[in-house]
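My structure is below; once you've seen it, I'll send some questions.
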Amino acid sequence: MFLKKIALAGAVAMLGSTALAGGHAGCPTEGRVSIVGNEFPAIQTVGAGAMGCAGDAVEVSTNLTADHQTINVPGMQGNPAEYTSAIIANSSIVALMNEDVIRPLDDLVAKHGDGIQPNQLITINGQVMAVAFMANAQHLVYRADVLEAVGKDVPTTYEEMLEAAEAIRAAGIMENPVGGAYAAGWNLAQEFNNMFLGMGGSHFKAGSAEPSINTEAGVKALEMMKALSEYMNPDFLTHDSNATNAEYRAGNTALMNMWGSRAATLVTAEGVPQEVIDGFAIAGPMTVGGGDTPATTLWWDGWTIAKNISDADAEATFLAMKKAIDPAIMADEETRTQAVWLIDGYEPTPAATGVFAAAQAGSIPYPMLPFMGLMHTALGNELADFMQGNESAEQALADVEAAYIAAAKEQGFL
Amino acid sequence: MSTASAAQRRPLPLQIGLWIFVAIWFVLAAFPFFWTLWGSFKVELDFFSIADWTNALTGANTQNTYGSPFTLRGYEGAFVENEFWRNSINTFLVCLFVVTTSLTIGTLGGYALSRSGYKYVFWLLIIALMFRALPQITLVSGYLPVFFDWNLWGFLPTAIIVLVAINQPFTLWMLHSFFESIPKDLDEAAKVDGCTQFQAFRHVIIPVMWPGVITTGLFSFLLAYNDFVVTALILNEGNRTMVPQIAAFLGTTYTEGNVMFAVAAVVSATAPLFVLVMFFQRQIVSGLTAGAVKG
Amino acid sequence: MKHRTFFWFFLPTAAAMLLFIAFPIVSVVTQSLFTPHEAVLIEVENCGPFGCTTETSIDQEATASLRESSPLGRFVGLSIYFDRGHLAFAEVGEAWRNSSGLSSFFSNLMNLPFYSALAFTLTYTFVCTPALIALGFAIAVAVNSLHQRLKGLMIFFSLLPMIVTPLIGSLILFWMVDSRGVLGNFLSWITADPDLSVKASTPLMWICLIVYGIWSSAPFAFVVFYAGLQTVPQDTLESAQIDGATRWQQIRFVIIPHLAPLVTFVALIQLMDNFRVLEPILGFQAQAHAQSLSTFILSDLSGETRQLSSAATTSVLTILGVAILLSPVLVRTWRDFNEKSH
């Protein structure tokens, strides 16, 4: 699998890349580079890397903000575009594709692509549209000491997770042993996506934008989420991943499905109790309902280049962004722990094992479909009623489909 | 009322009742702030102490980490590492220009509205009010393509003009009601003496309008100071004002430690307001000039 | 004032509002009548770090020519206004036909996002607005009676709920009302219910949002009324005292009538702001329990795929909603205005 390859290639690349490190080697000599993206630490590192190319003839600026998704499309629609590069994930590249604001990178990859690994290239319909630099997935994070105390193995399925949760509660160790980012909205929808794909569901009828979530898999996915929520803090519908992590740090939960990107720093915060630090452990994602596909999705983050800019600026941007994800940055210990990098020379840290396991177990990448965002929004808005016990699973799923259809018609997909 | 004569002196039970009411309101209004102030010297796990809420008071985890229940880490992170003072300067500039501009054009407009008896005045006021009903987020996302196209995006003046414009309906309404309470005889008399409308405004109205203008200015200031939607979407990273920067400290993922930078920043951001209110309270308190009458 | 003079006085503010509010409103209304073109979908093979998959994508060339021929998109008239995400006429009609009684019709209606949001928003608006006006008035009268030195301090502290940015304010309160937080503990202590959780219960969450709404907006009413109190004509007050009016009578017959225009002003502004309630819902992460038109707009604009037409439609509906809500107050203002101009 891809990550294993990287791990093997790691040592070799480390030797080779040291020569590149430092200075402006590999930087563009002139042009304008302007980057918009999200603001978490790994992207800050990439932004800072590109900023390192700034010079007399090279103008580099970054705008890393949580609101990047609201700004990036309008910021790339003008001519010339304000932003020459947008850092996006597989969910958000779709919005840029839909509006046709990013350019194919084939010629630039052919010219300057050495050092970028083939599996970093995101090709859509045969054209390279983005270069990925990090991977992410949700997987199990647990407390080894607590599982040991109740004599349970590390769960590999959600059914086992329920059993372990019951055992922990019965033993009186924790009242709400399960954690989950079930906050109404984006998070809840994402948990449904995981569970639904794990149950073997598929969000749309093949080859069309017609929804197909009001199915047996959909109902079973919701029922499993409901069953899990019985073991969660009663406020689970307000818990996003930050709140879920806080519960774990406080020692209130023992089992949770958490983002790989958040795992490395989970217990490094100031003041985490010693038993939580000692018991902290990571495993791969779980399956559900007897399926083989893990109930999780794979994600990548990468950069794109705007369409409405001069070829010279595009080339400058490509070089600066390539420099920003140069294998040399892997020399820094802190950078290595910020993410599961897809960069040549990355040696996985222990915190990355969950994401690795997710990729190796054949998890499904988050669908890169033009209408997936609409489905995600509809799920986020409509599922809370079911989780609160106000309506049946079938009714909730019918509501999701109705909400999705209204949105998809408006956007011209149906 | 407080200056009332001896005959007006309150009976004791009423006085006590008033004191209790003020005290209760004081606690309600200020408690979360004092809690934040106290917590800003703690580590995150104490501030959001899920394990035991009393940790927020005692700082048990702060004690473990720093050997003292208080730490200046949050302030150091915000001001030294992240140069929060730059954002303070931006906020200062934005507030200064928003308040002066919107009061200048708002006073002229509000005065005109209060002195013209024609029907269209009413409709102008209604239209202005309806203008205010459009959600800000819709307005701002409408501006984005245009600003990007014309290369106006990201700069402080753009944010200032937008803030002035979208707060204009409110300013206009508020100043209009204040001008209504300034007797029309004042400027009518000046006009009889041969002043133009503008001269009458300048020499007669301006000297007596300050309490209303300052109260309105206070709200313009607070709107500019606390604005998030406009500044977060229109300013680029280098020009951020305080509130979007605080949001950036939190980020989407509450990066370890950064939450306390945000808390420290919030506490610091309140200090200038304290000075401001103390400075202007005389004007807020002083009341309109002698003989100001009903609206 | 002459028309000409009025024009010059009013020009700067009018220009600012025209440019930054009126034009956007026109474009928002236009946007709500048009939708993006029908997408020409094709099957493509996408590859990335996790292997290749066959997925659907938009055929950009085919779509580009559609876009060029009519850049505004498809004209759809009012159909977005009537779809399920907005007024949902078809669904309401169906609910009416299929319901056995009023209560089942009502519960079907509440299943539609627009109407359930409306239920919360109206409750919130009509509880918060009068309550915060009353509270603001009481604080103004109380603070006004304080000693000069204390006044300034109390003004500052009374403003705090308004000053501390809602971003952090609600984050802190969100933790405080948590069942393990300081207020949460306090609440379960008074109610003697150790399992009480505000965030898990819809009615409690509504109460919590309303209390927050009153708390955070009362300072606004307070400052306006406080400024108004400074202008209460002392001679009227004194003659009332000479006539032997009690304290309450002075408030009732001198102060309240004097503040009436300010009450109208505060009511107008607060009805509008409360109808557009957004920040408390986000701050308390209460989307599972309460939605408003503003949260819909935000969710349309901030999703992975931005639904501009839907957001524009909800915005226009917000303006209409505000207009309906304010109409009684406006009719009164109209009457006052006519009386005055005679």
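Order as written gives the chain letters A, B and C; numbering starts at 1 within each chain.
Just so it is clear, contacts are C-beta pairs under 8 Å (C-beta built on N, C-alpha and C of every residue); 3 or more make two chains touch, one makes a residue touch a chain.
Bear in mind that the values here come from a model prediction, so they are computed numbers and not experimental data.
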Chain whose Cα centroid lies nearest the overall Cα centroid: C
Between A-C and A-B, the pair joined by more C-beta contacts: A-C
Mean-CA-position distance for chain C and chain B (Å): 18
Where chain A and chain B are represented by their mean Cα positions, the distance between them in whole Å: 38
Interchain centroid distance [CA atoms averaged], chain A/chain C, Å: 33
Where chain A touches two or more other chains at once, by residue number: 70
Touching two or more other chains - residue numbers and ranges from chain C: 178, 301, 306
Of all residues in chain B, the ones touching two or more other chains: 48, 50-51, 141, 247
Chain A to chain B touching residues, read off their complex: 38-41, 61-67, 70-71, 74-75, 77-78, 81-82, 241-242, 245-247, 249-252, 261-262, 265, 268-273
Sites on chain B touched by chain A in the complex: 43-46, 48, 50-51, 61-62, 64-65, 141, 144-145, 148-149, 151, 153-154, 232-233, 236-238, 244, 247-248, 251-257
Complex contacts: residues of chain A adjacent to chain C: 2, 69-70, 73, 90-92, 94-95, 97-98, 100, 119-126, 132, 135, 183-185, 204, 207-209, 234-235, 237-240, 298, 300, 342, 359, 363, 365, 367-374, 376-377, 380-382, 384-385, 387-388, 391, 395, 399, 402-403, 405-407, 409-413
Residues of chain C touching chain A in the complex: 35-39, 41-51, 53, 55-58, 60, 63-64, 74, 80, 83-85, 91, 111, 113, 174, 178-179, 195, 197, 199-200, 202, 284-289, 291, 299-307, 309-310
Touch list for chain B against partner chain C, complex: 1-2, 4, 7-8, 10, 14, 18, 21-22, 25-26, 28-30, 32-33, 35-36, 48-53, 56, 104-106, 108-109, 111-113, 115-119, 121-122, 124-126, 128-135, 137-139, 141-143, 161-162, 164-166, 168-170, 172-174, 177, 180-181, 197-198, 211-212, 215, 218-219, 222, 225-226, 228, 243, 246-247, 250, 262-263, 266, 269-270, 273-274, 277-278, 281, 284-288, 291-295
